[in-house]
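Two complexes, one shared chain (subunit A), two partners (subunit B, subunit C).
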Partner chain A sequence: MELLGLELLLQSMPQLVKGLIQTLMIACYSIIFSTIGGIVFGALQTIRLLWLNLLTRFYLELFRSIPILVWLFFVYFGLPLFFNVHLSSFACAVLVLSLWGITEIGEVARGAFQSIARGQSDAGRSIGLRTIQLYRYILFPQALRRMIPPSINVYTRIIKTTSLTVLIGVTEVVKAGQQIIERTGEAILIYGCLFFFYFLLCYPLSVLSRKLEKSII
Partner chain B sequence: MTHDAAASPILKLMNVGKSFRKQVVLKNIHLSVYPGEVTVILGPSGCGKSTLLRCLNGLEFINEGSIRFNELELTPKCPQWQAVRERIGMVFQSYHLFPHMKVIDNILLGPLKVQKRSKDDALAQAEELLERVGLLDKRDAYPRELSGGQQQRIAIVRALCMNPEVMLFDEVTAALDPEMVKEVLEVMLQLARQGMTMIIVTHEMGFARAVADRILFMDKGSIIEQGNPTSFFSEPQTDRAKRFLQQFYEIETWKGREVI
Partner chain C sequence: MKLDTAFMIDRIPDFIQAALLTTEIAAIVIAASLLLSSIYNVILYHRLPVLHTLVRVHVEIARNTPLLIQLFFLYFALPSLGIKLSNYDTAIIAMTFLGTGYLTEVIRSGIDAVPPGQEESGLAIGLSKAQLFRYIIFPQALRISTPALFANFIFLLKETTVVSAIAIPEILYTTTSYIALYYKTYEMLIMMAAIYLLLFLPLSFLLSWVERRYQHGTFGT
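Let's turn to the complex of A and B:
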């Protein structure tokens, strides 16, 4: 029995790893887009312009009030139906997770920008920096430092949320696991394995974030 | 006053008014500042001193009247605020050095990125200025490694390295421990002697008297009295100014009593 389990595990490993790579790819793309988009989105929120504020607010509320799963379904099944846009399930997953991640990182970035004292802007302006230069040399570098720990927390949430994409047919690690279970019936072993994978991905990040949080302040 | 009557003012404010929403913070401000002149602004807390300074380099915009800086008319829509700020230096109460940059990079940011000067030229000037305020050995330190007085002297150097025509000082010693106040005031005094045009907001009465060519006394957003320091301190004209000075003398006498 023991041996059988081990053998099964070895046999299923390539398939699980393939799924894991898919999970990681979705997470990586989403994290990259979220970070770039989120910083811009956060910076935009600090600019006081009514139409811009309403727009960013609207976008934010869309992702706060509608579950990710519903977004996944909407993009995967709704886009072809209503707009005749066909995306692969992988692309849909990255799109939805990125759009959501942008709001999350955006909030982190906004907080970071706003926590920089107004005096920094005053000082930057008083030496003649243009707004772009002010962000580039003064506000952005300071915000970035403060953003790192909370952003890592968002990254772990993105990684965990990739598991939802199984429901629009992405063959990520959970799906790979399910396929093996269907074939062999070894639910406990395989789910245990998934448990371990997610833990292995997210725990170091969460420790890192806590460490950095202490060292940056 | 030290200026030559024929010279034209560097800054000329006519009927300047400023309000935040409905609250009037500055009204009817008329003021001309001539090259080389040191103007000290005194007044109770909240009377609009900081706001007045901030209007001069466009950190706030006026709602009424006009400000002329040399040949330029400074209106809120004036497109060249950056160019104006290059020529008007400002030093703040809480220094506002850039914490993520070394001292030398704090100083060089403006000259290199705004004025596009050559690195050699700007660096040479920065080091000379650091030497002058006695902080050349701190050129590679980060702001957090410096005392308040040192940070404030660096902030002054940062403004000076832009070669401004006017320097604005907003209560630059108010956040400092008493023993550091002197080192900063000495730098300012030295600047004044070298002929820098300065507008200074301060609560250091002794310093005001020593450095000023002219005292402006503000209350509730208006300049209600002005004159040379000797006559202002010995015989203030308005009751408000008398009461204001009285408070300072009282504190001085407390200090005397403590010593005894």
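Let's turn to the complex of A and C:
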């Protein structure tokens, strides 16, 4: 019995790994887009301009108040209907996770920018830097250090959230697992394996984030 | 685009039902998680052997694996061990498993943030470790972690959407099943968005207010 399980696991490994690669690809794309977009979004939130603040606030609240799974369904079903845009489920997944990730990293970045002493930006202004230069050369390098630990936390959440994409039909690791279970009926083994995969991806990141947080403070 | 408004109005009672179910599940989960995570923190604070390790293992698994996998494991894998749960029970148990993991961490970091002088002066007036926790540390820790607790309550409320995957007729499931039944995709998507905004937007603003009042707390950590 024990041996049978192990054999099955070995046999299904290629399929699971194929799914896992899809999962990782969604996660990687989303993490990259969220990080770049989030830093810009965070910086925009710290600029005092009424129309800009209202706009960023609106975007933020949309993603803070509507759950991510709802966004996935909304984009997957809604884009073709409302805008006649047809995206693959993979593209929908990356799009939604990135848009959501931008708000999460954005909050992290905003906190980091705001935590930098006021004198820094005053000094930057007084030597005649423009806003973009001020952010690029003075604020961003200092904020980056403080952004890293909470950003890693957001990354683990993005990785965990990729599991939801199975519900809009992406053949990622959960789907691969379900297909194997349909064929063999070994639900415990496969779901145990999925637990292990996600834990293996997220736990080291959580530990790293905690370590960095302590070393920075 | 022509909207079938009559159809939408007819569906309002169903969506109210679904919203009530969402809030019911969230309320049970939040209450159960808060209770369990308080017990967990007693265990962590007193460093009870064995239990201490079990709590750490639970917290790390809950925080580092997706809710969907936890749900599917309970719902599809446990029956082959002879444990059969209804989808409602599965949803409550899985979400409490997740919520306890998150809230334990929140309260624990609140406990860490209580100034050490509090503990020392408690010991100096001769309180036992249990009394110290009960009367000095825990109440202050709860206050410190209030904004983070709030953020996590809202996080849990939003996570209820995931239980639609095991056919719990909450808002998302109601929407998708009506889309499948009647092909009223436009109408149902609009209603879903409206209901979620109505339900969660005020909470989101409440959260911002609580955060500003207490100036602490991070989302989902």
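Keep in mind that, in the parts below, the second predicted complex is superposed on the first by the 217 of 217 C-alpha atoms of A that agree within 3 Å, B and C clash if a C-alpha of one lies under 4 Å from a C-alpha of the other, contacts with A are read in each partner's own complex, and residues count from 1 in each chain.
The rule is simple: contacts are C-beta pairs under 8 Å (C-beta built on N, C-alpha and C of every residue); 3 or more make two chains touch, one makes a residue touch a chain.
None of the values given here were measured: they were computed from a predicted structure.
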Room on subunit A for both subunit B and subunit C (clash or fit): fit
Touching partner for A:Arg64 - first (subunit B), second (subunit C), both, neither: second
Angle at the Cα centre of subunit A, taken between the Cα centres of subunit B and subunit C once the superposition is applied, in steps of 10 degrees: 100
Which superposed partner A:Gly128 touches (first subunit B, second subunit C, both, neither): first
First (subunit B), second (subunit C), both or neither touched by A:Leu54: neither
Comparing the two partners subunit B and subunit C, which touches a greater set of residues in subunit A: C
Subunit B versus subunit C as contact partner of A:Ile138, first or second or both or neither: first
Partner chain(s) touched by A:Leu6 [first = subunit B, second = subunit C, both, neither]: neither
Which of subunit B and subunit C A:Leu194 touches, first, second, both or neither: second
Minimum C-alpha separation between subunit B and subunit C after superposing on chain A, in Å: 23
Subunit A residues touching subunit B - in the complex, by the definition given at the top: 117, 119-120, 122-130, 133, 137-138, 141-142, 145
Subunit C - residues contacting subunit A, complex: 1, 60-61, 63-69, 72-73, 76-81, 158-159, 161-162, 164-165, 171-172, 175-176, 179, 185-186, 189, 192-193, 196-197, 200-201, 203-205, 207, 218-221
Of subunit B, residues touching subunit A in the complex: 54, 57-59, 82-83, 85-86, 88-90, 92, 94, 96-100, 109-110, 113-115, 155, 158-159, 162
Complex interface listing, subunit A residues touching subunit C: 61, 64-70, 73-74, 77-78, 81-82, 104, 107, 150, 153, 156-157, 160-164, 166-167, 174, 181, 185, 187-188, 190-192, 194-195, 198-199, 202-203, 206
